[in-house]
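Multiple structures are listed underneath, in structure tokens.
Both of the next two complexes hold chain A, though its partner changes from chain B to chain C.
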Partner chain A sequence: MILTNIETVPGKTIVEHFGLVSGNTIRARHLGVDILAKLKNLIGGELRGYTKLLQDSRKEATERMTAQAEQLGANAIVNIRFATSSIAGGAAELYAYGTAVRVE
Partner chain B sequence: MFPDYYFFIILLIVGYVVGTFFERRHFRSLEQRERASINLPMVCAKTLPFAPDKAEAVAVVSGSAVISVDYFKRFLAWLKNFFGGRIKSYETLLDRARREALLRMKEQVPDADYIVNVRIETASISKSKKKNGVSCVEAVAYGTAVRLRKDV
Partner chain C sequence: MKYTPRLPETNVNVSPGSPIKDLLLMLAAASAIVVGIYVALGFAVDKIAPHISYETELAIGGFLGKHPILKNASPAPEAIQKLAETIRTRSTDIPFPVTISIREDPQVNAFAVPGGQIVLTTGILDAIESENELAFILGHELGHIAHRDHLRGMGRGLVLLTLSSLVLDAGDSIGGSLGNMVVLTELTFTRRQETLADEAGQDALMSVFGHITGAEQVFSHFAKRAETNYLTRFALSHPETQSRIQHLRNRAKVEGFPAGPLTPLNPEPQLSV
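After this line comes the complex of A and B, so read on.
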């Protein structure tokens, strides 16, 4: 599966479009990580727990999107976008979407 | 025994001293790593800076960082809220988050020749009305890494 966030796959031609595919995941923060983050908030700096949490979530969203594209018979996804929204106090939604295509 | 404001002042001092130390260290490391990875150009446009058939491999890469601001700077920003104007203490926060995210993206693909269509997004992941909420910002950078064929 080739993933790009431009409209084409360089070096290949798109032969078939399958339309929009997307994947999302909603993650809540871990209580232990939260307490550490609050302490870290005093001196500032990177909150590694959150960084890892969001990276894992984004990976999962991408995997779901890829699975959907595979089901359609696509071998590439172009024009991928990522979006984040915080829906509740302690939870965040990670969303990935793109256009599934077949390239040759 | 201790009046309440003692605790507050101690927090401010700790936040200022330790926070400034870590921030300076972070900026030094950012500058160093930016110099080291300067050979990998990032393009912020969809048009390719090379002939499309020269591309050998493409992939989406992303990097992210969640950075929080220290107690002292948060207090300064709160004070600044009364008068308005430029909040310098938050500018460095966003600067750090974005540059770190870009660097992490670059460091994932050391053998790439270009990263095209780089997008940077920020999200505040802990919007809390409560005063004791964690205040931090997430920066995500993503783009398409391209490796070119060497033989053409």
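After this line comes the complex of A and C, so read on.
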């Protein structure tokens, strides 16, 4: 599966497109990370626990988007975008979307 | 380019799983965490409480004094205050003076707050018939203060509140919630703490009257109160009260504490010694 955030796959021709595919996930870390993050607010710095949270979410959302594209018979997703939003305190939504295509 | 609009066969964005199973798992995990924290705090607070300085305790007491339960209580008559001070100086090593307040409340109850404030309800004052019973109650509460039992109870509550406000973004500030600690200090103590406080009450009787009569009468008032309420009657059917009385009897025998006459409490307590 080729994943790209430009509209084409350089060196290949898009022969068929299947429309929008998307993957999303809403994740939270555990209590310990939340407590550490609150304490980190006092001194500042990177909230490493939340960095990992978003990293994991992006990975999961991308995998889900890819799974959807595979079901449709695509071998590439072009024009991929990510969006994020805060759903609840300590939880984040990651939404990945793109256009499923078949390239040759 | 050919356009082939299709829908995926399954929705990969909806995770499979049973919500009920998830709920049960989460409840189990949350309970385990809460119990774990509480037990750990219990150990930590038990270690820390005895080392809290009396100055700090007085400062905490001053802060708690703003709570409505204490604010609305009126100062006790001079004689009760004197009785408490006598007990404090004769049978405890509490280094600061205690203040006795009276709260308009029909319940038979008495409790102490860190910093040396003891609150008696009008209910308990109406129930007791002798100065000896009053001395036992004051001695019992002074025992809790001397053993730092309230600081232990408060410490747990304080850390739990801090944790919950950190995690749950509680709207109330920790400072605001602190006032509610007074209510928490009314929580039940462990059997061991109650037994030690009872012994302090017995010591108080010895130091003021030279005998220990009066303690058992106090327990009878609590038993009377229970007759009116099924739930408390159920709770009291437990041998707890009987075993506390028995413990005091055994201790009196071992220590050779004598029995004696009750000093009437009429119309106001008169300090007999």
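Observations
Operating definition for what follows: the second predicted complex is superposed on the first by the 102 of 104 C-alpha atoms of A that agree within 3 Å, B and C clash if a C-alpha of one lies under 4 Å from a C-alpha of the other, contacts with A are read in each partner's own complex, and residues count from 1 in each chain.
Heads up, the rule we're going with is that a residue touches a chain if its C-beta (ideal position, glycine included) is under 8 Å from a C-beta of that chain, and two chains touch if they have at least 3 such contacts.
Here the structure is a predicted model, which is why all the values come from computation and not from measurement.
Taken together in the superposed arrangement on chain A, chain B and chain C fit without clashing.
Of the two partner chains, chain C is the only one that A:Arg64 touches; chain B does not reach it.
Of the two partner chains placed by the overlay, neither chain B nor chain C lies in contact with A:Val103. Judged by the touch definition given at the top, the superposed model places A:Ile26 against neither chain B nor chain C. Applying the stated contact rule after C-alpha superposition, one finds that A:Glu7 touches chain B and leaves chain C untouched. In the superposition on chain A, contact is made by A:Ser86 with chain B only, not with chain C.
With both structures placed on the common chain, the touch criterion links A:Asp34 to chain B and to chain C. Once the two structures are superposed, chain B and chain C can be ranked by residues of chain A touched, with B on top.
Once the two complexes are laid over each other on the shared chain, residue contacts for A:Ile43 go to chain B alone; chain C is not touched.
Closest C-alpha contact of chain B with chain C, superposed model: 6 Å. The interface of chain A with chain B overlaps its interface with chain C at residues 34, 38, 89.
On chain B, the positions that touch chain A within their shared complex are 11, 14-15, 18-19, 22-23, 26, 46, 48, 52-56, 58-60, 62, 64-71, 73, 93, 100, 116-117, 119, 121, 123-128, 132-136, 138, 140, 142-144, 146. Contacts from chain A toward chain B in the complex involve residues 2-11, 29, 34, 37-38, 40-48, 50-51, 54-55, 58, 62, 80-86, 89-90, 92. Contacts from chain C toward chain A in the complex involve residues 1-6, 8-10, 12-13, 33, 163, 166-167, 169.
Here chain A touches chain C in the complex through residues 14-19, 21-25, 31, 34-35, 38-39, 64, 67-68, 71-73, 89, going by the rule given at the top.
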